[in-house]
Structure formats: structure tokens, C-alpha cells
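Below, each structure is written out as C-alpha cells.
Below, chain A partners chain B and then partners chain C, in two separate complexes.
Coming up: the complex of A and B.
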């Protein structure tokens, strides 16, 4: 008995905490169970269409079919290198960069102008805000249908009123040098009113007394803009830039309706390239590789937007 | 300048004589007019009789003999009633499921403590960054595997969970005083009863904000339904309009295109003009959808 006791004792002491831990874990799980059940519906759909989709992109990018009906075979990084070697893809990336910069800067600039001009609330400025906001509401496809006529050679709205002032009437959507700019004009028209809302909200935070003090000190409108308003709007700027960049990657409906990426790929954008690979060429491997590259590029932006959102949370 | 002066009456006294803000304001008025021109053309061209000829199509002065022929043509050629029905069905379906998922998840984040809360929170946050539009390729093969290719359910499914909505509801629920829930707890109300009878009725403004954002964004979805839907009778408005435009463009029927576009955007525009303030404040909240 006296020999057995010391042997039994360590077992008992070592088993007890483990049992305790298990019990604690299971009781923690049981306490968490209602929350998990509430989250379950959302998590199922997120798992299927967000995380699962991510995983699927990763896997699909590694496989290839010789013909649309042939069995898939593992090709490693071949799809990625094929995409990177495809002049249509690199062209789309370049176009998309031009498109991103060429839409973000003018639409944000205009949005700031609109917000500054319409920050006082009265009947006139409300009506103007509504007018500038209208394009935000309508589908990109509807906007494209309207602009298809606006850009129509010779009889279209632009040529009818402005084109005749030019020495040579340009073919807005048919000329590879101009088509991308024409596409950008639609995006600017459609998004400036949206970004204006954020600047209007941001301007509310500019302290009135600082503004008053500034013009008592003789600061003109540009000085006040430069030294008081713009610094105050910095978080808004960051936030709007992130959204504008995301939009530059995800808004391609007008490319589909108006130019289908042409003429000679001059308006092809990355997401439209992905669509073409998947739907028109049935090349899921290449489409997935292109998606993967785009997602990777957006990861940098993700980090940035996390920080921006943290800034916003900190302010609120 | 007197009208402009009237508008600047509430500006601080010292700035009232400054010229730059007024120039900016006039420039904005000018641009607002430019911004409205596509809509103006749409209205004028819809009512213009085809007999005016293609050369007068761009004329922004309304025709003296307005006609409803274009609207009738678009209505007959385009099958817009069917498209409208499909879009309404898609938007309503998405919204109803979202209401359930975001209410439950929002409540869990707002009021419950559970293991792995931070981790799950970040999992939700990821959806804000991985915009669903980018994942069209993998999601299409998933929808096909589920047997939902060419169905409206397939169009709706990727949007059933919404991180944006969940965060919105979390915020709304956190603002509700716990005393109300405690009272119900004493009366023996179950968890779901408390959500249903206390949290949901008190969060109606957030629900309406979310409804506005959700419906407008899915009303306008194009690339995803274009990929999922194959049958002409299942097309939503945007896809229908793009097909319709492509057809009418060939025959240079610009009046009909204008009429078709008008029919597609009229419901949203009318709702916006009625609930302007709610729309604007909702869109400010929306940041990333």
C-alpha cells in the first residue's frame, strides 16, 4: 500500500488538470455555442463564396485542360507564366493602371470641388447635390447605353454640339488612342458624385472657429483650403482613394457594353480579360491565374485600407 | 450676382466678398448641368418621333410632336416586364436572406462573448476586401457544381452573407441599452425572441440603410448575372438592357435605346427622388459595400 501510493498519486495529479482543461474547453465551447449557431448561416456562405473561392482560385490556377472537354492535368506555375507572357494581359494591366490614375484623380478632384461649393445646405445646393449624385444610382450598363449615343460618330451628342468645332471629328470609341479616355469619362461622370458625399461628410469635421480665426488673420480661400481644410480631410482622402482604386479594378461593365475591350485591346481591363478567358476561351486555368495575380496586387491595397479604416474608427 | 449673394448670406461676414468661392460655385452649377445632359438627352430622345430622322437625334430641344412610340417599341422588343420581374426577384431574395444572416451574426458580435471572436471578426472583414466581383470565375464553377447554373438562385447566392451588413447591425445592436434585454430575460424570453422583439424593431433605420445599399448595388449588378444566366427569360434588367442595346444599336434605333434605358433606371430614380435624404445618408455609410 505504502509503495503503491506514491505511484498512484502522480497519475491522479497529472490527470486532473488535463480533465479540467478538457472540461473547461468544452464548457467554453458550450457557452460559445449560441454565438456559433447565430454565425453559422453567414459563415456557410462566406466559406462557400469567399474563402472557398479563394482556395479554388489557388488550385484552379495550377491546372490546365488541353481542350475544353479534356481532363485537367497539373501544370504548376505554367498558367501564371502564360498569363504574364500574354500581351493581352500585360496590356490590360497597363490600361488598368492608366484607367485607375486617370479616373481617380479627376473624379476625386471634382468631388472635392463639388463638396466645397455645396457644403452649405440650402435648397439650391441640395438640388445640385442630387443632380451630381444621380449617375451614382444608375447601372453602369444604363450609363453605357446613354454614352454609346453621346460618343456616336457624326450624329452623336458630342459631335453634334462640340465635334463640329474640331478640325477633324474624332471617332471617340473607334480610335485606339482615344477609346480608353472615352471609357474613363464615363467612370468620372458616374463616380464623382459618390466621392462628393464623403467629402461633404468630412467637411463637417472642419472646425468652424478655426476657419473664422484663419480669415480674421487674413488667410484667403486658397490658404484656408491648403492649411486647414486639406489637412482635416486627410483621412477622407485616403478612404476615397482606396474606394476609387477598388472601383477601377471592379467596374468594367461599360467596357463590355461599349467596346468589348477593343479597338485592338486598347480598352481591355484586367477583370474583363479574366471574363474573356473564362467565358469566351473556356480557359479556367488562365482566368484563375489572372484572378490570383489581381488578388495578390489588391492585397497591398487591403493592408492600406485596413489602416485607413482603423483611422476612421479612431476618429469616430 | 445678387442671386449668388443670397446663397452666400450665411457665410461668415469676412468671406462674403471673396470671389473664389463664388467662382467655384458657378463652376459647380455649370458642371451639374453637364452632369444632367445624358439624362436630359434620354428624356428628349425617348419622346422624339422616328420621323425626325437620325440627324436630329442629338438635338436637346424637345420635339414639338412628342410620341410614346419609342416606349411602346422598347416595351415590346425588350421584354422589360420580365426583366424587371427577375431583377425584383433577385434583389428581394438577396435582401431577405441577408436580413436573416446579418441580424443573427450582428447580434453575436454585438452582445455575445465566444471563443475565437476576434478571429471570426477578421474572417468577416476579409469579405470587404475580396470584392465578390473579382471571384466570378471560382464562384461560377461552384454555382455550376451546385446545379444552380442558369438559375436566379445561383445569381443570388454569393451575396447571401454580407460583412458590411453584419458590421452595420453590430453597430446598431450595440447602441441598444441592455436593460431592455434584461427585462425580457426576466420575463423568460428566449434568445431568438429577444432578437425578434427587442433588437430588430429598434434597429429599423439601420435595416433601411442596408436595404438601400443592397438593393441599389444588386439592381446594378451586371457581369455576374451575365455569366450565370443563359436563358433569355431569366435575364435581369442590366443584362436585358445590354442585349437590347446591342440589337437596337445595329438598327440605329437610338430613340428606342433611350426609352429602354429610361425604363431600367426609372424605378431607382423615382425612389431616390422621394427618399433623397435617406439615400444620401445610406451611401455615406456604405464606403465599401
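Coming up: the complex of A and C.
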């Protein structure tokens, strides 16, 4: 195209680009068609088992039966308000918050401590790392069965030793004041080793030269931790916090095996409440409504934390 | 996540292929039926069930039964309901006896009357084979919905060696609450404030707790629930108040029972280890105690305050609703075979449950067994005073309404009177939809 025929230019741009675009799109589609075909089986199963199930929950949450023999009818948001008005649900939410904070902070703290202590690789630290990671390899259900024995009142492993020191041996899982703490201890024991892995990986990313420079500048171990290591680990922290929070909501195997939410609902967590509504009360509408609420809270939380993470990375 | 999705995909493909291969092979083969069965006590039961079903298939070439293990009683209910919803109900299920009413209310059970009539028997003739105490949980509105398969009652277990040590005669076990309280006091050992041996242990965890409350209430003259109608429970009543107050007294007044809620396995371990000198537990634990106790033990009736009475426990065979006629018939053949005197007796000896079919106790093998193990006889004798297991609309939540409050009492957080009032209120609320449709639906 030359400068001598400028008039031809607008004509060409008015008709051609659209065609061009369509052609480009179709050719792009043709090029990616094999990719979509290859993805199709996965997409079908994803739709069926992930999004399909979520859609079904959404629909189920809007229907309810008035009486056992009555047909299900559309009730709109009634199920959601029924769940919110249920003291068992609010109790489970409170328990779950205590549980989330009470397991996330100690297990992340311990994980960081372990990672810092074992960041240099040698035979001893490798062995210790393996030992700390071991609880992760034990399935939660098996671990719960083990702890069921450890917590047995009077005759269990724990009471056998601690019982000699205390005037009255606690009924670890049978006392509503202690049961949730007992459940939390297991979670911390189980997860600290897992989070340690992330921190170990995070520590590898701390630049060696910065550390050396700080060392030369006379920064002590605490100063290096405070001003170099911890800031460098921020993305790891964010990620682990998200994982820990998700775990606090989705891991209820031990509640199921050890306490069934008892005694007197003191260890009832949100997911177990949903199970109870669906299975024991046989109330699919309420169970779906509680699922939706949980899902919404989790998605909000995850979106928030990943956005914070993206912002941080964007700034850096 | 990714891994599990891939695994599922693989399984789905494998399943489809297996299904495609199996269809032509099935065309001329016998009626295939599934039996869902739970294992509420220990793993050996699954093997025994395999033996039983193998024998059935060998003697019944027209039917091919498959036993499907479905977890605990509660899990079995979940899986059965899921299968019914998916339109593929199992042909027969061994279902916890007190879930039948709830399933019937939800239209999930096949009425067995026509199958019984087709055999040329009357309902009374058919039910007459079983101990009368078991019929209450099998019959709903005068129709048969379940066939008793294996059953239990609560028993008082006594460490005979420790009783002798304390100057008590284990051959004359306590028969009343007063005597039991006295025994428990004598059997409790203390070092200062610390208890080194508890006089008695009574389990309280979801499921067991409700059963024990029904036991104590019944021995106190009460009923716990309306046997004729699924919309009522009697929690806030003198008989239950007396029962819970006595349990509370054992813990906080007499200090012969450990505080807090203790699950069944913890109670039996405590008894086996000598930490508790007596316990109230199911007959289903008898085999476990027999195999593990390193001391002499005695079993006795649950002591009474007003009368001798205990609830039954255990499971019945049911046929889910929505089955094809041929599967229904095949399931019925299987059920009749499994509850026949010989098979019933064999299952009882293998598991420790008692056999619901009265004729089972007249088979020579069973007579032999009882002579060798007289403790198994106590459970059967107690059947004379046994009554049905509580079953209401939404049995599990209604039971939990009581259990949560009992646990608070055993932990010293509530007094019996206010706890039972709260339990009654919660249960009435749970039962409300059913009453709205039945007792309160007025013309």
C-alpha cells in the first residue's frame, strides 16, 4: 500500500477486517480444535462431576417438602434462612472458626519453625524432615482410629502417663470443654509436616547473595529472619493460610470417626453439620443450602487471598 | 484433585466396559440380587456373611445373590437410600431395626404381607416364628415390613473376681437399682480423691446413649416413645427423669461412674482392663468379652427400679420399594432362607447376636453351644421382658435431641430436669412436620 492512493484505505478497512477477523477466528478455532477434542473427555467429566454437582446443589437448595408425604415444592431462599436460624448451624460455624484459627496458627507456626530448623540438608535433618512428614502420609481415618485409643479415658495411652500427674483424668473426647481441643491437636499434628514442605521450598527461594550481604553488614540471625526471610516468605504464607483454611472446612474425617460432632455438638463442624442434615435429617434442601453458604464463604475467602497475592506480586 | 479426577475417569471407563461385557453373559443366567449388609461389631462378620451367601447360591441355582458390605448401620441406611434414589435399589438389606418406621414413612419399604400370603401363611403364623419382643420393630400399621435377622439386648456385665474381692457374691448379681448402687459403691476404689477403679460404666455416645436411656427408662416403668405412633416421645416424664437422675447420681453423688460421655468401645476396654468392675453393654459384645477377659465374669439382667424391661437392638431384613417382581421374589427366598432356624442358629453362634427365630434354640448344635456357654443363655432369657427399640419419624435426630442433653448432664453442665425439658422441646420441634400431616391434620 502506497501513499499515492490514500482514498482506498478506508474502504479496505471497512469491509475486510470483519471478514478477516472471522477468518482468523475460524482458522484459530480449526487450529485449536484438536486441543478441544482432546480436552473433551475431561470437560465432560468436569461438567458431570464438578459443575453438574454444583448446579444440582444450587437447585436442591431452592426446594423443600412441607411434610414427609408432601411433594417437594419451590421455596426460594427459605432453606437458607432456615439454616441461618438453626442454632446447630451457628454453633457449627463458631466451632469451625475456633477450629480454623486454633489449627491454622499453631500448625503454620510449627511448620515455619521446623522448616527454619531443618532448612540445611544433611543426614540428620533429612531424617527429621521425614519423621515430621510422616503424619501426612497416614490417612486421617487411620490416624483418628489411633488417637481414639490414645484418648481413651482412664486406660488410653495419654491417661496412662498423664493420669499419674493429674488429680482427675480428663475424659478427652467425652467432655464438651476439651473435645474440640483434642480434635484440634490431631489436626495440628497431622498438618504441620505438610505445611513445613511449603516453607522449605519457600526458603530455597530466599536469595543467597542478599543473605550474605546482610551477614557482612552484621545482621544477626533474628534480624535476618525479621527483615529478609519473613518478607521473602510472604507468598508462601498466603498460600499456606489459604490451604490451612480450606483444610479446616473440608477435613472432618476425624470428627466423623471420633466424636460424630459430640458430645452435645461441641465438635460439630460445618461440613459435618451438612452431612447430618443430608443423612440423619434426610433434609436435602437444608443440606444443599448449608453447602451453598459454605461454598460461597470459601470462594470469597480464596478469591480475596489470591487477589491479595496477585496485588503483592504486581507491586513487586 | 487432578489425580482423583483421572482415577474416576479411568474407573468410569472400566466400569462401562465391564458392564458391556457382562450384559450378554447375563442374558440366560439366574436372577441376580444384591444384599446390602452392615458390620456393626467386627471384621469377622464379613467373612461369615460370605460363607452364608456362598451356601445360598450353591443350594439355589435359580438365584445369584451378591453380598455387598455397606459399613455401619448408619452408612447402610445412607447407601440404601442413595441406591433407591438412583433407581437401582438393592434387593434386600440388613437394616438397623429402628430405621424401619422412618423408611416406611418415606415410602422406601416393600410391604411384605403379599409375599407372606403368596406362601400360604397368615401374618400371625409368619411372625409367630420369632420372639414376640422382636415383632414390634418389624410390624408397622399391622403390616409386616421387616424380618428380624440378628438381635441384641443390653446386659449387666460383672467382673466376678473383683466382686468376690469386695465381699460380694457374683452368683447373686444385683437385681434392683438400690442393689446395683450398693455394689458399685463397694467396687469403687479410691486413692485420696482419685478413683483407680470405677464401680460401673454405662456407655454414652450418639446411638448408644439413646439406647441406654431407653433401657434405664424402661426399667423405671417408662416407655421412651409411643410404640403405636411415630410422632411422640416421652422425654419430659417422671420415668425418664428418675432414670437420668439416677445416672447423674452415680456420677456426681455416689461418684462410682466416671464423669463425661464414654463411647461403647471405651467402656468395654475399661471393663476388660479392670478399670471398671461392672458395665452395661449390648449382648453383641459378649463374644468380645468372652475372648478377651482374663478374669471370671458374670452377665445378668439389667437391674430394675420399677420393673424388669429392656429394649431390643439389632437388625432386620427388609426389601426396598421399587423392585422388579422377579427380584422381589428372589429376595424373599433369600430372606426366608437366612432367617430359617438352622441358618439363624449358625449366624448367632458366629456373631454373638441372639437368633430371632425361636426354633433356632431347639437345633442340636445350639443346645450344645448353650450348654458350653451358659452366659449366652442370659441374653435369651432376658428376651421375655424385652420390648421394641424406639422408632419414630426421623429416629436419629429425635434420638440426638435427647443424647445431646444427657451428655451435658453427665458432664455436670445441666441438671436432669432442665435437660429433659430442653430435649422434649427439641424433639417436639423435629417431630412437628410429621404431626402436622398425621395427628394434627384435622378434618
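Basically, the second predicted complex is superposed on the first by the 265 of 316 C-alpha atoms of A that agree within 3 Å, B and C clash if a C-alpha of one lies under 4 Å from a C-alpha of the other, contacts with A are read in each partner's own complex, and residues count from 1 in each chain.
Everything below uses one rule, namely that a contact is a pair of C-beta atoms (placed from the backbone, for glycine too) under 8 Å apart; a residue touches a chain by one contact, two chains touch by 3 or more.
Here the structure is a predicted model, which means the values were calculated and not measured.
When both complexes are overlaid on chain A, chain B and chain C end up clashing with each other. Of the two partner chains, neither chain B nor chain C is touched by A:235.
When both complexes are overlaid on chain A, the residue A:146 reaches chain B alone and has no touch with chain C.
In the superposition on chain A, A:193 makes contact with chain B only, while chain C stays out of contact range. Of the two partner chains, both chain B and chain C are touched by A:46.
In the superposed pair of complexes, A:279 makes contact with chain B and with chain C alike.
Comparing chain C and chain B on the residues of chain A they touch gives the larger count to B. Once chain A of one complex is fitted onto chain A of the other, the partner contacts of A:38 are limited to chain B, with no touch recorded for chain C. Legend: residue contacts after superposition of the two complexes on their common chain; A:106 is shown touching neither chain B nor chain C.
In the superposed model, A:155 lies in contact with both chain B and chain C. Of the two partner chains placed around the shared chain by superposition, chain C is the only one that A:265 touches, whereas chain B remains out of contact.
Once the complexes are superposed on chain A, the part of chain B occupying the same space as chain C corresponds, among 95-103, 185-193 or 257-265, to 95-103.
Residues 41-42, 45-46, 49-50, 148, 152, 155, 279 of chain A touch chain B in one complex and chain C in the other. Chain contact summary for the complex, chain A toward chain C: residues 41-42, 45-46, 49-50, 65-70, 148, 152-155, 167-168, 171, 173-177, 260-265, 276, 279-282.
Every residue of chain C that touches chain A in the complex is listed here, in rising order: 5, 8-9, 12, 74, 77-78, 81, 102, 105-107, 192-194, 198, 204-206, 258-263, 265-266, 269-270, 273, 275, 393-394, 396-397, 400, 403-405, 407-408, 410-411, 413, 430, 433-434, 436-437.
Contact residues on chain B toward chain A in their complex (touch as defined above): 7-8, 10-12, 14-15, 18, 20-21, 24-25, 27-29, 31-32, 35-39, 41-42, 45, 54-55, 57-60, 100-102, 104-105, 107-108, 112-117, 120, 123-127, 129-142, 157-158, 160-163, 166, 191, 216, 219-220, 222-223, 226-227, 237-239, 241-242, 245-246, 249, 254, 257-258, 260-261, 264-265, 268-269, 272-273, 276, 279-280, 283-284, 287-288. Per the touch definition, chain A reaches chain B in the complex via residues 28-29, 31-32, 34-36, 38-39, 41-46, 48-54, 56-57, 60, 110, 113-114, 116-118, 120, 122, 124-126, 128-150, 152, 155-157, 159-161, 189, 193-194, 197-198, 200-201, 211-212, 215-216, 220-222, 239, 242-243, 246, 249-250, 252-253, 256-257, 271, 274-275, 278-279, 284, 287-288, 291, 294-295, 298, 301-302, 305-306.
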